[in-house]
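As C-alpha cells, here come the structures.
Two complexes come next, and they have one chain in common, subunit A, joined by subunit B in the first and subunit C in the second.
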Partner chain A sequence: MAERGVDRVLWLLVPGVVFVVALFAYPVLYGLQLSFQPEEGGGVLANYERFFADPYLRDTIWITLRLAVPAALINVLASIPIAYRMRGRFRGKRLLTTILVVPITLGTVLTAEGLINYLGPVGWFNKILMGIGLTDEPVRLVHNYWGVLFSLIITGFPFAFLLILSYLSGIDPTLEQAAATLGADRRRRFRYITLPLLAPGLAITFCLTFVLAFSVFPSAYLVGLPQGETRVISIAAYESAFRDTDYPLGSAIAMIMAVVMLVVVGLVLLWRSTLYRGATGGKG
Partner chain B sequence: MSENFAELRIERVRREFGDHVALAELELTIKGGEFVALLGPSGCGKSTALNCLAGLLPLSGGQILVDGKRIDTLPPERRGFGMVFQNYALFPHMSVHRNVAFGLSMRGIGRAERTRRADEALRLVRLSDHAHKFPAQLSGGQQQRVAIARAIVLEPRLVLMDEPLSNLDAALRLEMRTEIRRLHQSLGLTTVYVTHDQEEALALADRLVVLRDGVVQQVGSPEEVYAHPANRYVAGFMGYRNMIPATVSDVDEEVVTVAAGRSVLHGVNRDGLTAGSAAVVAMRPSDVTVGEGENALRAEVEIVEYHGREQAVQARLPDGTALHVRTGSRLAPGDTVSLTVPADRVLVFAEEHPPGEES
Partner chain C sequence: MRVSTWLVWGAVAFFLVNLFGLVLAVVVNSFSVEWFGTWWPNGLTTSWYVTAWRELDLLEVLVVTVQVALAVVVLSVLIGVPTAYALARRTFPGKRLVTVLFLLPILLPPMTYGIPLATVLYKFDLAGGIAGVIIANLVPSVPFVVLTMTPFIEQIDPKIEAAARMCGARTSAVFTRVLAPLLVPGILAASILVLVRTVGMFELTFLTAGPGSQTLVVSLYEAMFSAGIRAQQAVDAMAVIYTGSMLVLLVVALRFVNPTQLVTRLKEPA
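Our next item is the complex of A and B:
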C-alpha cells in the first residue's frame, strides 16, 4: 500500500467514514427513496408534483429564502467592519470577542424569549417608544417576519464574525502597509487589497450562515407566524411528516429543501471560483 | 530623474512601545541622492526608525522635515516614499505588471502612461518576460526585484528598504546587492536601507548609522566606521571579534600600553584611558599573524577550521581568554604559538557596562 502512495494512517479514517455513512448517507438515501413512494398513490414523482402544485407548500421556498438570504447577507456584511477593526491586538479584545460570540451559546429558545421580552408589544423597546411619544401603539416586531429575522441575525452573527475574523487575520498586514506607501488611502486599501483577498472567505461564510438560516425551525415558531408569513419550509416538512404522518411527502419536502440550499451554495461557489484563491501571505 | 529634496531632517525622533524605548532621540540629516544604511542587530530600533519614516508607525516625539516642511503628521500614502518590505509584500492576487502599476493607478495616472512606466521599471529590474505571472510563480530573487520595481516606478523622493535581502540565499544576496547599488547609482534615488549585515551596509551605503538599543552609536562613511569604530560595541559589529579584558599600565598620548592575557600589548587609546583603568582590547582575527615580533601574545591552539586559503583558528591565552585568528599558516590543535598584531590595529576601549546590559 505504502509503495503505491497510500498511507496506512488513512485507515484511521475508517471510523469516521462508517459514522458518516451510518448517520448521513444512509438516512439521506432512505429519505430519497421514501420520497418516491407516495402515500396516496400516483406516479413516482407524485409527492414532488403535489408540492409544486399546492401554493401553501410551494410558497414555503420563497418564504424561507426571503428570511435566509437577507439574514446571511446582513450577518456577513455586519461582520466585515467589526472583524476588520478587531484584527490587531488591543486591550479588551478577548472580552469584546466573548461578548460578540456569546449568542452562540444561548440557543434559539432563550434568544426567542429575550426577543419577546424586549421587542414584544409590552416589551421595553415598545414601552420606550411609546414613552417618548414616537408611536401611539406598539410596533409589531415579534410574531412576524421581523422577529424571525432578528433571531437569525442574533444566532448567525457570531458564526459569521468568527469565520471572517479568522480569514482576515490570515491576510498579511504588510500588504496594506505596502499599498499605503504606494499612495492608497484607507478606503482604497480595503477596496483593492483586503476585499479581493477576503472575498473567497466571504463566499464560504455566506454559504454557511445561509444554510444555518435556511433550516430555521424553532424561531419560526416561537417569534414568527408559523401559519402565515414565516411558514418556512422546515415547518411544512415537519407538519407533513409528524402531524399528517405522511413520511414520504415530508421526505420529499426535505429533499427539495436540500436542493434549494445546494443551488444557492452552488451559485455562490461558482462566483467564488472566478476569484483569486491562492495564498494571502499571512499566517493563516 | 526623480525630484530629489535637498535634505531630510530627522529631529529628536522617539518611539516607545509601552515603557520600552525602541528609538531614543534619533537625529539624522539625509541629503538628496544619498544612500544611508541603518545598521544594528535585531531589536536595535532600525526597523522602528524606518517605519516611523514611512509613516507606518506614529512618533512618540520629535519631528521629521523634508526641506523644512513637517511630514511626520502625514499618513504614509501622502508622504511619497517608496518602501521595499522584508517579506516583499507583493499583492498575491495581482500580476507582476499590476503590482508594479498599482502605485501609478493610485496616483490617477492614465492607462497608457501607466503601462509604459511599469514596463520601464520591469525592464530596469530585468523582469520584462515575467510581467504577466503572479508573485507566487516567481522565485525569491524575482519577487524581490518586483518589490523594488514597484517602489521605484513612482520615482519616489525617498526609498526605504527594510532588510530586503535577508530572505535570499547567499549567492542571490550578493547579486541583488550589486543590483540595488546599480539602481541607486543610475536613478539617483535617495535611499534609507535597514540591515543587520555589516558587510551589506559597508558595500552599499554612502553613510552608515550604527544603532544599539534605540541609541545611535556612530554615524560615518563606511571607511570611518570600519577603520575607526567609535566604541567597543561598534567595533564588535565591525569585525573586531576579539575582545580581551586588560588593565592599562601606561599611556603615552595616543599609544596605550596594557597588560592582557599575561602579555604586554601596545594599542590605540580610543576612550581617553588613564593608567590603572580597566580596559578592553579589540582586535580583528585577520589582523593577528602567527610569528615572533613586536606586540606578541603567547597562546595555545585549540580549534582549527579549514577555510581553503585560510584557517580560522581559536587559540587560548595563558589566562584562559579565547582569541580568534585567521591565518594562512598551518596550525594544529595543541601547538603553542606566538601571535603578533600591529599596534595601530589594536583598539583599546574602556571597560564599561554598555547601556541596556545588566551589570
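Our next item is the complex of A and C:
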C-alpha cells in the first residue's frame, strides 16, 4: 500500500471528506430519492408528471432560460473587447479591476434596492431620459423582465470579466506579434490567433455565468414580477418546498433545475470539444 | 485612438456611471427627509439610521452576522486545511473523485443543492437557528478553503519538512513550528475570501435561517420584501450599512489577494 501513496497522512482527508459527503452528497441524493416519493401518492414519477402537466410550473423553465441565456451571452460578449484592451500593464489597471469587482460584493439584494431607486419611474435614469427628450413618459425598467436582466448583468458581468481577463492573460502575446510580422492586421490577428485560443475559456465562462443566472432567486422577487413574467424555476422550487411544505415536489423541481443546467452546459462543452485544444503558449 | 476603442471605453464608462448612480441613489435616499419625484431630496437627516437601528434590530442582526461569519471561517479552516495538505502531498487511488467532490459545491449554484440541504437540516431539526445557518454556509466554504489551500501547500517544499524530521522534530513539532508559520499567509487569504463570501451569501442563509438567526443580507431582503410597512429610507439606511461593511471587507481582502481569486481559483497568470 505504501508505494501507492497510502499512509497515515491520508487520515487528514477524513474530516473534509466526511463533511462533504454528509452535507453535500447525502442531501443531494436524499433530495433525489425524495423526489420519487410524491406527497399526494401516485406513481414514482408523479412529481415530475405534475411539473410538466402544470403550465404554471412547466413554463418556469422557459421563463428562466429567457433570462439566463441573454444575460450570460451579454456578460461574456461584453467582457471580450474590454478584457482584450486590458491585457498588459498600464496605469490604473488595478484600480479599474477593483471597480469592476465591486458589484460582486454589492450582492443581489443591494443591487435590487439600487435598481428600484435609480431606474424606477421617478429615478435619476428616467429623469435624464425625459430631460434630453428621448421619451415623454418614464420607461418601466423595474418590476418586470428588464429589472431582473439588469440585475443579472450587474452581478454577473464582473465575474465573467475577471475570468476572461485571466484566460486572455494566459495567451502568449508573442503569438500575436508573430502574426503581425507576417502581415496580419488587427482584425485578422484577433480572428485567427486570439479568438481560437480563447474559445475554450469562453465556453467555460459562459457555462459558469449561465449557471449563476439560471439559479437567480432574490432579484426575481425584488425587481421582477415573481408571479408573472419572472417566475423563475428557483421561485417555483422554493415555494413548493417551503411555502407549501411539499418537500418532494420542491426536490423534484430542484432536480429538474439541475438537469436543465447540465443539458445546457453539456451542449456548450460538446461545442467546445470541436474546437482547437492545445497549448495556449502562455504560462497560465 | 481608434473608433472601436472609444466605443469600448465609452461602454465601460456608461456601465460604471450607471453603477455609481445606482449606489449613490441608495445612499442619498437613506439620508433624505423626504424624496419623491425631484432631483434631490428636500432636506437631509441621519434619523433613518436611528430608526433602522431600533426598528430592524440591527445590533442583533450584526451580532448574528459576525458570529456566523467567524464560526464559518474558523471551522472551514480547521476542516479544510488538513484535507488540502493531504491532497497536496499525496497521490492515491480515487484522488480525482475526491477533487470533483470538493469542486461541485463551489461550481453549483447554492439554490440547487440548498433546497435539498435545507430539507435535510429541517428533518434533523438543525435548521431555523444559528447552528443551521453555520452548517449550511460551511458547505461551499470548506471546499473553497481546500481548493485555495491545495496549490498553496504544493508550492511549499516538502524537503523543509524532511529536514525538520532529520533534526529530530516530532510530527507535532513539524506541524506547529515548521508548517504552521509557512501556512499563515495562505490561511489568511482563504479566511478573508470565506468571510466575504459568507457575509454576502444570501440563498443558503435564507433557506436555513429562522427568526433571530438572520444575517444582514437576509434581514435586508426581508425588510425590502415587506417594503410597504417601513419607510424606504430606513431600508436604504440598512442597505448602506451592509454595503459599507462589504466594502470595508473588500478593501481588506484586496490587500491580501488578487481580485480574480474572489471568483475562482485560477492560477495567477505569470
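Note that the second predicted complex is superposed on the first by the 270 of 284 C-alpha atoms of A that agree within 3 Å, B and C clash if a C-alpha of one lies under 4 Å from a C-alpha of the other, contacts with A are read in each partner's own complex, and residues count from 1 in each chain.
By our rule, a residue touches a chain if its C-beta (ideal position, glycine included) is under 8 Å from a C-beta of that chain, and two chains touch if they have at least 3 such contacts.
Because the structure is a prediction, the values reported are computed rather than measured.
When the two complexes are overlaid on subunit A, subunit B and subunit C sit side by side with no clash.
The superposed model places subunit B and subunit C at 90 degrees from each other around the C-alpha centre of subunit A, with the value given to the nearest 10.
In the superposition on chain A, A:Ala112 makes contact with subunit C only, while subunit B stays out of contact range. Of the two partners subunit B and subunit C, more subunit A residues are in touch with C. When both complexes are overlaid on chain A, the residue A:Tyr48 reaches neither subunit B nor subunit C.
In the superposed model, A:Tyr238 makes contact with subunit C only, not with subunit B. Of the two partner chains, neither subunit B nor subunit C is touched by A:Tyr145. In the superposition on chain A, A:Ala258 makes contact with subunit C only, not with subunit B.
After overlaying the two complexes on the shared chain, residue contacts for A:Phe210 are found with neither subunit B nor subunit C.
Superposing the two structures on chain A brings subunit B to within 14 Å of subunit C, judged by their nearest Cα atoms.
Comparing which residues of subunit A touch subunit B with which touch subunit C, the overlap is empty. Those residues of subunit B lying in contact with subunit A across their complex are 54-56, 75-83, 85, 87, 89-93, 102-103, 106-107, 134, 136, 150-151, 154, 160. Those residues of subunit C that touch subunit A in the shared complex are 4-5, 8-9, 11-12, 15-16, 18-19, 21-23, 25-26, 29, 36-37, 39, 78-80, 82-83, 85-87, 89-93, 98, 101-102, 104-105, 107-113, 115-120, 135, 138-139, 142-143, 146, 196, 200, 202-203, 206-207, 217, 220-221, 224-225, 235-236, 239, 242-243, 246-247, 249-250, 254, 259-260, 262-264, 266-270.
Across the complex, subunit A meets subunit C through its residues 4-7, 9-13, 15-17, 19-21, 23-28, 30-32, 34, 78, 81-82, 85, 97-99, 101-115, 117-119, 122-125, 127, 154, 157-159, 162-163, 165-166, 169-170, 208, 211-212, 214-215, 217-218, 221-222, 234, 237-238, 241-242, 247, 250-251, 254, 257-258, 261, 282-284. By the touch criterion given at the top, residues 172, 174-175, 177-185, 188, 192-193, 196-197, 276, 278-281 of subunit A touch subunit B in their complex.
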